[in-house]
């Protein structure tokens, strides 16, 4: 059984159809990539999973539970951590406060302190800057911070929207390395990425989304010429 | 002489700060100008007065009464006048309209209940005068300063040390991110209203004690000054509101002493215009709420 | 004629209609002013002083309107760089400064106010003034200037990118609104015959805001309907008269929840 | 012949982040010039700078041989540079025709004319603007949808409406930011025809687009941006084979 099951989801903004019946599944411990052009509906799909947009049709279930009536914070408490595009660091809060807010839903779980120590171990630059406002961090450090914050929730599923956007190649490689090491702890990942090669290398399975619909899906899209075509349009228009 | 003025200014300013903090807290979580906050302050003052007049209790009980009643009123306002609007989408004018309406209701209901006249605390509340040589200060003034600063310190500790307090700051910066992290933002907004209103209620009692006058219309002046302070301090900044409140209090007292006394009520807006010309986003710019 | 009492009620209705339109025009361009009472005060004091000095209303009225509009330009200039809540608090502050100024300005009576103003507000002049400003508001909706105002209200970045000069249009809207509030102030002074600073305080500005949002801020006739209703309802409903503010306050909350766009919807223009 | 638009050594920083680094490119009159690149490459920033919505940190902009760096957006528009927006930005309080009429505003006289018009029942400028607006709607294929409000339209029609609004001003340079986003293949084909029709009217088109088939089919010249820098420039067939471009889009080859 899938951890996350998205079934024929349709989302509209007024007369604009953002998702036109998308089905997608993420299994336990699996990394799944979702790739596609700008405006294809990738971010909308993630927002739909978090309950930030209303479904016109279809359903989403997580860990066997329907998410229909759950509000965003309840979904987070169920074990879905979401790192939105543009990161979503709380710039006014210190690095420490950002990380601890990740564990907000766990209330006073004594294991929070251990997880905190582990996150700092994983991302040493954060340990040196605990008291600084998060807004003063560099782009790469902020990406580490939001990844660390997501881990503080002890998620079952991690939704990552464009984690490498705007990062230098070396730092991006570092982030991808972290993502792949996460699955060893049993976390599932749904990854939206513009760097299709990196995403496809990381993920066992992938979906290509075009204009609100799943155009391609499968385990081995890395060498599929159709992926390249959908990006570079080698077939002329007329 | 100057020291005396500074003391008086700090006392006045600390009550301004308490009211302005309320505006900033509420602006932070809802990006909303809460135009009924002055009336919450006024209801708090009446609550303190009633505790004293009807139950013959002391000033601490009065402050506690103001805090509790205003806090509950804040929650009611959020549930009745603001939450239903949020549920129906984002018309940015609607919550402002609603807060004007709530303010009108509170003002008239209090007028009908307690009359439009000013009322004062019993005589024994004036307190003893301590002459410290360079300054003289009454026990009431000491009480006001102690309570106001203790409230601000308590708030500071709450928003930096407690889980819920940090959650308020997180929600204030970005409501969507807060909810992604598992924070129930509706609860946090209600909590913020309760705290902001409770601080307003405390300020109401303190101002009532200071001027020995409570009336249904005392909220209007305080509201306009509170809003000016919020701009001076920077929209949504708690510490900006504290600094702005103290600055205005001291400035007002000094302007009365050394400039034209009758223009003191316009001083807040003069200061606001000067600060905005020099630092358009206020003393402690947060960067939140630039749009709309 | 309607007779003394109703004549006077009609004049106050007209004054409030003028106030409503005075806020409608800047609000159409997205500029919310919580200081219209201040502009009204400038019109009222100007005309009161001039007529007491022996000048005719034909001169005092434009003078009051002009000075108020000038004040609008002065307040509007810094207001161009701010929006939303900044503008609201800035205009609110302006209203307070005007009030405190007149409260302390001895030549116009200071705290004791200014009495003995000649009774020059005749109903037909008030009606004419209302007709003119309503006509202007209505014609604006279908004209270049009015469209530009709405475009700025909806999206000022896109409006500027479409060639609209934000400064000109915003200043125009603000100054015209202030001038109309000045006219309302002139008629008010010559009807009330006694004015003091506190008649033009924040609650005056808040009531003006109420006319517009109750009536419908997207419709030129909205503020007219709002002003008439709010002024006349207490005259006809005893219960409302006793609990006037509670009634309107509750009405505002209810409108904000269930009818945030006011009574009159935006007119459908082709 | 001097290019219609010359962008030289343009740099734009936001705080510590450099969105554009030393970008230079020329847009020749009468051509379709496309600007492509992965997300975050700086394309929209460049658009916003060319249209005057943003100012460059350093660098110059020259239009018809005249330096206009630092000119306000409304003045840039008056020079004959019109644009649409990636996230459609129509005026919800105005009807469909009125939205297009906004594009005619710059040619309808100033404040004095406006005030005089208030007294006239049917001002001539108003009638002319409406006629022009209807023509533009016809041009973009919306001749049958002229009443109602823009938010009642589909996204595709909203995009067309934005183009009509921009065209109403008779621009010389039209900036199109992702006009094909969210369109199906038929609609993209219609859009391609529309863009060709626009160029045939003597209007130069500079467009940002992710829809590669569309770009490859209609562009005369392509400039590729990646992480704020120009990595390739040339005709479509050359760009398609450029290894650097492929890497920028898909990441380093495995």
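By written order: A, B, C and D. Residues from 1 in each chain.
Going forward, a contact is a pair of C-beta atoms (placed from the backbone, for glycine too) under 8 Å apart; a residue touches a chain by one contact, two chains touch by 3 or more.
Everything numeric in this text was worked out from a predicted model, so none of it was measured.
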{"item": "Target chain C, source chain A, minimum contact steps", "value": "2"}
{"item": "Cα-centroid distance, chain A relative to chain B, in whole angstrom", "value": "41"}
{"item": "Between chain C and chain B, distance of the C-alpha-averaged centres to the nearest whole Å", "value": "29"}
{"item": "Distance between chain centroids, defined by C-alpha means - chain A, chain D (Å)", "value": "32"}
{"item": "Which chain pairs touch, all of them", "value": "A-B, A-D, B-C, C-D"}
{"item": "Footprint of chain B on chain C - complex, ascending", "value": "32, 78, 81-86, 88-90, 92-94, 96-97, 100-101, 103-104, 201-203, 206, 209-210, 213, 217, 243-246, 248-253, 255-257, 260-261"}
{"item": "Chain B-touching residues of chain A, taken from the complex the two chains share", "value": "50, 52, 71-73, 76-77, 81-82, 84, 88, 90-93, 97, 100-102, 104-105, 107, 149, 153"}
{"item": "List of chain B residues in touch with chain A within their complex", "value": "163, 166-167, 169-170, 173-174, 176-185, 286-287"}
{"item": "Chain D residues touching chain C - in the complex, by the definition given at the top", "value": "51-53, 72-74, 77-78, 82-83, 85, 89-95, 97-98, 101-103, 105-106, 108-109, 111, 114, 117-118, 123, 125-126, 129, 146-147, 165-166, 169"}
{"item": "Residues of chain B defined as touching chain C within the complex", "value": "27, 31, 33, 35, 80-81, 84-85, 88, 91-98, 100-109, 112, 220, 224, 227-228, 230-231, 235, 260, 262-263, 265-266, 268-270, 272-273, 276-277, 280, 289, 291-292"}
